[in-house]
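Next come two complexes, and both contain chain A; in the first it sits with chain B, in the second with chain C.
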Partner chain A sequence: MTPNFDFHALAPEIILSATIVIVLVADLLFADRERWQTPRIATIGVLASLVPVITLAIDGTNRVMFANAAGSGAYVVDPYALTFKALFLVAAYVTLLVSVDYIGEGDYYQGEFYFLLLTSVLGMIVMASARDLITIFVALETISIPTFVLAGWRKHDPKSNEASIKYYLIGVLSSAVMLYGMSFIFGFSGSTLLTDIAQFASATPDVAPLFIVAIFLTLVGFAFKISAVPFHFWVPDTYEGAPTPVTAFLSVSSKAGGFVALLTVVYVGFFPSVNSWQPVLWVFAALSMIVGNLVALRQTNIVRMLAYSSVAQGGFILVPLAVAQDGRASAASLEAVVTYLLIYAAMNLGAFAVVIAVSRRTRSAEISSYAGLGQFAPVLAILMSIFLFSLAGIPPLAGWYAKFMMFRAVLDAGTPWAIVLGVIAAVNSVIAFFYYTAVVRQMWFKEPAIEGTRSVEIPTALGVAIAICGATVVVIGVYPQLFGRLGELARF
Partner chain B sequence: MSWFDDWALTLAVFLPVVGMVILLLIPRAEEGAQKLVALLTTLVTFAVGIGILFRFDYNRAGRLQFGVDKSWIDVINSRYHMGIDGISLPLLILSMFITVLCVIYSWNHFPEPHNPKAFLALILLLEVGMNGTFAAQDLILFFVFFEIVLLPMFFMIGVWGGPNREYASIKFFLFTLFGSALMLLSFLALYFLSDVHTFSIPALSALHGSGIVEGTQTLVFAGMFLGFAIKVPMFPFHTWLPDAHTEAPTVGSVLLAAIMLKLGTYGFIRIALPLLPKGAINWAPWIGGLAVIGIIYGAFCCLAQTDMKRLIAFSSVAHMGFVMLGIATLTDFGINAAIFGMVAHGLITGMLFFVAGSVQHNFHTREIKRLGGLLVQAPKMGWILGFCVMASLGLPGLAGFWGEFPAILSAFQPAPGLSDVVFRVYMVIAAIGTVLAAGYLLWMLQRVAFGTPKSEFEDADIHDVGLAEWIAWTPMLLGIVILGVYPNLLFSLTNPAVEHVSRVFAR
Partner chain C sequence: MIMNQFLILSAFLFCVGVYGVLARRNGVLVLMSVELMLNGVNLNLIAFSARLHAVSGQVFALFIITIAAAEVGVGLAIVLLIYRNLRSPDLDGVDQLKG
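What follows is the complex of A and B.
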């Protein structure tokens, strides 16, 4: 049987792959002073890949590739996949905008940066369509391996080296654990196709304990990728040591990639076998929120603070998933996770973009260096406040809607365990508020620590990135219906 | 004029946003233009309020008017649903009115660090949240406006506040945030428990909580209770209030006391009681109990205060106790008294904070011990303080009386299903509270206004009431007199709407 290639469906991947090759070769051929062209090519490539995503969305038919007799395939282009492809490409675009000046002005310019970044993005858009354990695994590794190198990109900085090594070792370990779990699942169900696994899980109500262990191991692998507690230990050091644009990329795109994989595996594959995955995710969610928030309270470095905050936010995103099987919550949970991921991407990228902009002036990532930012850079300070309050979930900024959808899923489930998790989440959102406002208080309530009132110069690309994130956070916060449609689209 | 009926509430809520955006575009140096834009914005907003007063159909004050019902977030069945009835109208007008006066007062009283642009922008943003909360008829919309209020007040206290401002601002925010998180959970629970799956307040009110068993109602009510009681604030959730008031700049204190505290009590009347009547009946004795504890506790705290603003802040705890006692009786008599008490407290305590602010502006201290002889040095200000003190302790003929007296009286005969004995005990305790109120207020007046000026201020340059202050204060003083002499002005407005709420308890 020859596999049928639907070129329209694969167009985003094809365009992005072509861009990756062009970027690699072009950087080789350009003279030194023309090297600024490389990021431009990368940006155009990412935007060009968005075009087929839009045309596919307009077209609206679900395309299934490598299908079996039952019509379910390993590679699917449906609204769910397209939603995430769009998210990954837009996030990649913003990451590129954030990176250009940081990389260009760094001590060691390397065009490989863009090559590696785009390769990771390619893994993500493949992940959005993957419906098969092997495809998912390959996509996940395509996402991860370039980021191991990116984390160590500041190669003369020992911290960056440490970041890279830690991330690499733990990443490989988690892949091994996950693969081990997947091999058992294949052994039980006789297929790597998620729909077949779901059939197996629903056909045999009394599944073997080993099957539950296999699912557990697979989930643990994902837990490393989405940095859920207790598998989060690599996060603070890696985030602090890596170049800040890479950190932004790791905490948003790479993390979202892990979440998409988890969502797909749980909803398409493991869903009927509820007792195997739901308690595990419940524990991950509760621990991530509690530990992430409590440790974030003690941080003095803003990147480490945002690292723990992203662990805690990961916990919030897991909450709807952990109650997905209860009551009528299944659809609401999926919607909540998708909505939260989209909003989280905008507000977290925005926060990191401001961190990059401010460090251009202060050369520091200490929270105390934000003292008096409201006086010497009021616009940046306002935007940073917007992002932080949004992360804290204060209306009318987008974060409130994300949290709202989470609570809605919890109450839709309505079981005692779900309510307990909801209360944990409610208490945690109050704790989270405390450390987010610690930065806000520095910016507005304190006098500047550095001398002079020279304002912060923001390069155009960085400014555009901040503006995109800021506009998204405010507009979605006031009129969430815009993302409501996306949530509706993303159904299996 | 039908377009006005359709757009009035939207204008009333969002005109300040327009003004704020214009204000932010004005360069920092041009303070005159900034003040003018802020004043014009609040005036135009208030003009919309006047228009609403004229177009409001007083014969149908029990019904929602100026309704807007447009789609907002369809995915969660939440709509942009606004409307006002006799309960919301006085509070909405009060909110617009006080904001104008605050901008006028700010004209030459900007607190340090001097930054009129940011300060005025925050006042305008605050107005959006306050007006919106009183007009919202959708639970989620209500929640969003309820929360919008927090941010500007947080910055107002934190940037322009006193020495302990950081602690006060974060405490204020954390307390309220905790309450509103649980409140949101209750709203969602209500959504899923009711058969109609809607967030519309009128639709849910019409159901009177039918279909939700008593135990669940009690539980969901608890979540709402926390959210609203922290905002009111009721004893024992009041500890953020003295700190916030003491540290806040004058205008912040005025807005906090006059309007923001009412968001909580309004929430009880508009949402908690009609939506969960059975829960309300189970909780009413506890609410009443906490209310009278608040009355006595607030009064004793007042007696121990050395700081003028802190004293007025604790007197707010006591006064809001009367309001909550009125609400806890679940009778139309009590709830009418509560709404009257809210408006009267807004005017009177707002005025007291204005005077305290001007005293601080002149003497650079609020320590009651160091003050004295205000009537000698600034006679007009001293008389105004005396007037407000009289109003605040509930002198008949002034507005304060009509909030306090009927609230106490209503506890004699609470709604059926509530224990007469318990509420009569509350009544007696509350009556003792009024005596204490007279005590601490008159004592403060005596120490601040009577006697001769202390030696350290003998040669101080004291300005009596100035033009900006006269313009800002006269309307409030008039309001206190008018409502005191002719309370029916307000009672006739609120009563039809209140009857809608209390009817379900009267059976």
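What follows is the complex of A and C.
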């Protein structure tokens, strides 16, 4: 097999890798007072790697690398991959904007932060193209390992250490379980290529129980990454202990990376053996929605509340996957998952950006510290309300459209199990409404707890980040066709 | 080629690793247990690869070995940080955040 390198297809990865090296070296060479240049280089690099993603999208041909005789390869650049590459790069750009002032004002080193963040993003854009168990494993670890370090960024803070070690231990445990499952899948199908695994699964309708166990173990590994219940224990602790920009990154980009891996493995690899993976995802989806929402109800810290809310949102994203059927309904499910992920990224990043902005003034992450935010920072309060209502799924905001797509996928599938899951999702949407509005009530109907009416100062970068997220959430909510098209395009 | 002895050995290694991760309190021993789990996986992959004459299993094992080294490097760094802050590598002492 002669490897064929298509440099246009690999351009986003190459530009980002070059940026990573430059950021690392530049941090070494810059004098202390020039250190602020590092985030600028990182930002330019991320935007530069968006350019080839756009040119590849305009070009529109599916590019397959390391192809076998049947024309399916380990590394594929298709509309699905491009959609997610664009999502990861834009999310990385917003995360950089959110982190610049937070990291710049802290007393810890800066350069490594951007280096680690970009390395994790590199893993994500590789993941979007990966169609092979080995590539998926390497991409998943490239996403995870830098985030273990990022979670423990505040080295002298025992809470940050704890966030890091819990995340690390559960991360490596889940990869080991996932690999054990993958080793048996390789043993059965004789190949690590997902298309070959799909061929094996469709050629043998009544597969061995061990193959089903192998699929189960692989899915458990991904369940840790996407923080599905019952594998969510690390989420609230890691989210609370890690620096807030890192938490935003974990809850959006890293989680979306796990979802992309799950989507690819399920749709390209395991799909024909539907009875082995679907019940597992059904249980994950139902438990994530129920547990995530019920526990979120009694949180007093906004970061922990958003952590459990993200567990619950992960459950909602899993719903279309857990009811996916053959034929037309399978395309509807994929479209629903992709759309939900894109919208979830915008609204969750926005909510965390506001949390960072508010904590600059209040130095607290307690929900009670949001009392009277509408009085001393009306713009922030309005935007926070928009993000929270969007997460709750209230029209005309983007989250509403995401939920609409999800329920449509459930109705398209139409099986009894799908309907049961749809009912669970509907009940949970109502429960979620309570804890999101609790924060909104604090902001608008309570008197401020802190003296003085000095407004919150927002640095430009953070303001731009919040504006991007807010505009996305409102525009998609009012005019969903704009985004619906993207969801439709994202096909394998 | 008889497969069972390889699969049983790898399953045993994997289970010892899982037990170690769950039962050990010392951070360094937990990391060693993770390594045991990964070596169980490697053994599986190489056995299957030899039986099926498919090279990709061995390639997979090589990638796992490399990445496991990087992972343990990061893990040791985190355990070292905890040791510096708490004066003990004991993971039970790390309980400020309540899940």
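The criterion applied here is as follows: the second predicted complex is superposed on the first by the 488 of 492 C-alpha atoms of A that agree within 3 Å, B and C clash if a C-alpha of one lies under 4 Å from a C-alpha of the other, contacts with A are read in each partner's own complex, and residues count from 1 in each chain.
Definition applied: contacts are C-beta pairs under 8 Å (C-beta built on N, C-alpha and C of every residue); 3 or more make two chains touch, one makes a residue touch a chain.
This structure is a prediction, so every number in the text was calculated from the model and none was measured.
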| item | value |
| --- | --- |
| When chain B and chain C are modelled together on chain A, clash or fit | fit |
| First (chain B), second (chain C), both or neither touched by A:W444 | first |
| Partner chain in contact with A:F389 - chain B first, chain C second, else both or neither | first |
| Touched partner set for A:P230, first chain B, second chain C, both or neither | neither |
| Cα-centre angle that chain B and chain C span when viewed from chain A, reported as a multiple of 10 degrees | 140 |
| Partner chain(s) touched by A:G414 [first = chain B, second = chain C, both, neither] | first |
| Which of chain B and chain C A:S164 touches, first, second, both or neither | second |
| First, second, both or neither for A:G60, with chain B first and chain C second | neither |
| Which superposed partner A:V172 touches (first chain B, second chain C, both, neither) | second |
| Partner chain(s) touched by A:I134 [first = chain B, second = chain C, both, neither] | second |
| Dominant toucher of chain A (residue count), chain B or chain C | C |
| Lowest C-alpha to C-alpha distance for chain C against chain B (Å) | 28 |
| Shared contact residues on chain A - chain B and chain C | none |
| Chain A-touching residues of chain B, taken from the complex the two chains share | 71-76, 140, 143-144, 147-148, 150-151, 154-155, 158-159, 165-166, 169-170, 173-174, 177-178, 181-182, 184-185, 188-189, 191-192 |
| Residues on chain C engaged by chain A in the complex (per definition of touch) | 10, 14, 17-18, 21, 27, 30, 34, 37-38, 40-41, 44-45, 47-49, 51-52, 54, 56-57, 59-60, 63-64, 67, 70-71, 74-75, 77-79, 81-82, 85-86, 91, 94-99 |
| Sites on chain A touched by chain C in the complex | 133-134, 137-138, 141, 145, 148-149, 152, 155-156, 158-159, 161-166, 168-169, 172-173, 175-177, 179-180, 182-184, 186-187, 190-192, 233-234, 236-237, 240-241 |
| Residues of chain A touching chain B in the complex | 335, 389, 394-396, 400-401, 404-405, 407-408, 411-412, 414, 422-423, 426-427, 429-430, 433-434, 437, 441, 444-445, 479-481, 484-485, 487-488 |
